[in-house]
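By letter and in written order, the chains are A, B, C and D; residue numbering begins at 1 in each of them.
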C-alpha cells in the first residue's frame, strides 16, 4: 500500500480559499473534528483529474454520504490561471455534476502556486489528502490511486475513535 | 446501424472558422476532395466530448494516418462562450494532447449557435459528420457512437472511388 | 490498418465441424454466398477470447443483425482437449449467453490442431477471419482487434456487390 | 456501505476442501489467526466471477502481499458439476494466471450445494467473505462489490488488534 503513518503526526493546515462552491458557508477544518476529511486537489483542465480523480471523489462522496466523512474539492490552479478562473470552474462543476463542496485555492502575490497547495506541499494534480477525525494529516497521494487503496485508508480512519 | 444514404445527397457546406489550431493553413473542404473528412464537433467543457468523442477522434486520426482521411475538430461553442474562449481551448488542446487540426466555429451576431453548427444543423455535442471523397454529406451522428459503427462507415466511404 | 487485400484471393475452405450449437442446421459457407461471414475462432478457457473476442463477436452479431452478415463461432480446441469438450462448451455458451451459431472444430487423428484450424492456418485464439460475399478469404487477424478496424473491414466488405 | 457488524459475531466455519491448488499444504482457518482472511467463492464458468470477482481477488492478493491478509479462492460448484471438475479448474487457474491458494469445495452426497457453501450459507457466485484476525465472520457479499467498499472493509479489519 502507498501510505504509512509517520511517527510524528502533522496537524493539517487550514484551507485558504478565495471562494467556495456547493456550500452555503465556507468550510473550516477546525469545524470538522470528528469527521474524516478527504481533500481532492484538482485542476479543471488536468486530464488525469477529469478521468480518474474527480469521478473517484464523487464516488466516495456518494458511497460515504451517511458516514462521518467530508469530501472537499480544492481547485489548486498552478498554471494557465487566466483560463481556469472562477467563472470557468463554475461551468465545469455544473457540466460535470460535481455536488461536493469545492474551494478555489487562494492565489498568492508572488509565484504561480496557490496558498493551500504551498501549505500542504502538494506536488501536482490530482492529489488526495486524508485528514483524520482529530485533524491530523494522514495521507498524501499524488497521481492516480487505486480505489482499493483509497477505501482501505478511509476505512482505517473511520474506524478510529 | 445508425446511418443511411439519403436518395438525394447534400453537398457539405464549407467550415466557417474564426481561428485554426494544429495546422499552418486554414483547411477548406474544397481542397480535400479525394479524401474522406470526419468532422468532430465538440465543446471543451462537454463531458461526453471529453470522455467519448475526443478520444475516438484521436484514435481515428492515429489509426488512419496513412489513408486518405482527414479528421477535423470543430469547437462549436453554443453555451458559456466566455469561458470556452480561444485561450482556454488552446490550453485544453495542449493538455489533452490533441494533434489533429481544430477550428473554432465562427460566432454570429445574433444568437448563441455559431455559423458552421447552423449550416450543418447540428443538434449538440459531441457530433460526428462524415463527408465523402466528392464532398457530399454522408453521416450526421449526435451523441456517443460505437467504434464498430464509425469504423463501418469510414470503411465504406474509403472504399468508394 | 491491419489487413490488405492480396492480389490473388484464396477461396475460404469449408468448415469441418464435429457438432453445431445455436442452429438447427449445420452451416455451410457455400450456402452463405451473398453474405459476409465473420468467423470467430476461440477456446472457452482462453482469457483473451472471453475478455475481448467473444464480446466483440456478440456485439457484431447484434449490431449487424439486419444486414447480410453471418457471425460464426468456431471452437478451435488445440490444447486441454479433455476439459474443453462439447458438454463444457454447451454450459459455457449458455452461461455467457452466446446466441450466434457455434461449430466445434473437428479433431483430427494425429496432432492437437483441429481440422478447420489447420485449413485456415490459424495461429491461435482469438482469431477473426472475414470471408466476402463471393466466398473469398479477406482477413486473418490473430489477437485483439480494435472495433474501429473490424468495423472498417466489415463496412468495406458489405459495400461490395 | 454494504456491511455492518452484527451485535453477536459468528465464528467462521472451517473450509471443507476436496483438493487444494497453489499451496503445498491445505490451509486451515484456525492456523490463520492474526491474519484477515478473504474468501472468494467462484465458479470457473460464472461470467460475473471471471469479469469482476477473480480480477478483484487477484488485485487484493497483489496489493496486500506484505500485509497480514490471506486471499483464498473457493470453487463452490453448485451446477454443471461434471464440466467444472478438478482437471478443468486446473487448466482455468493456469490460463487465468491465478496465483493465490484455491480450494475445491467438498461435494456432498445429497444435493448440488457443496459442504463449505452450505456452512457459510452463500447465496451464489461470486461471493466475498471476510474473516477477522480472531476468526469471526465479518462480511458476506453476494455479487459485484465496489473496490472502494472492499478496501474499506479490509482496512478496518487490518487495523484491528
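Methods note: a contact is a pair of C-beta atoms (placed from the backbone, for glycine too) under 8 Å apart; a residue touches a chain by one contact, two chains touch by 3 or more.
Chain by chain, the UniProt names read as follows: A, B, C, D = TlpA family protein disulfide reductase.
Computed from a predicted structure; not experimentally measured.
Superposition on CA atoms relates chain A and chain B by a rotation of 180 degrees, given as a multiple of 5. Two copies of one sequence, chain B and chain C, touch each other mainly through matching residues, since over half of the numbers at the interface are common to both.
Inter-chain centre distance (chain C to chain D, centres taken as mean C-alpha positions): 36 Å. Here the spacing of chain A and chain C, counted between their Cα centres, is 50 Å. Looking at chain D, one finds that none of its residues touch two or more other chains.
By the touch rule above, chain A contacts chain B in their complex via residues 45-47, 50, 80, 82-85, 87-88, 91-92, 95-96. Interface residues of chain A, counted against chain D in their complex, comprise 1, 59-60, 63-64, 67, 146-156, 158-160.
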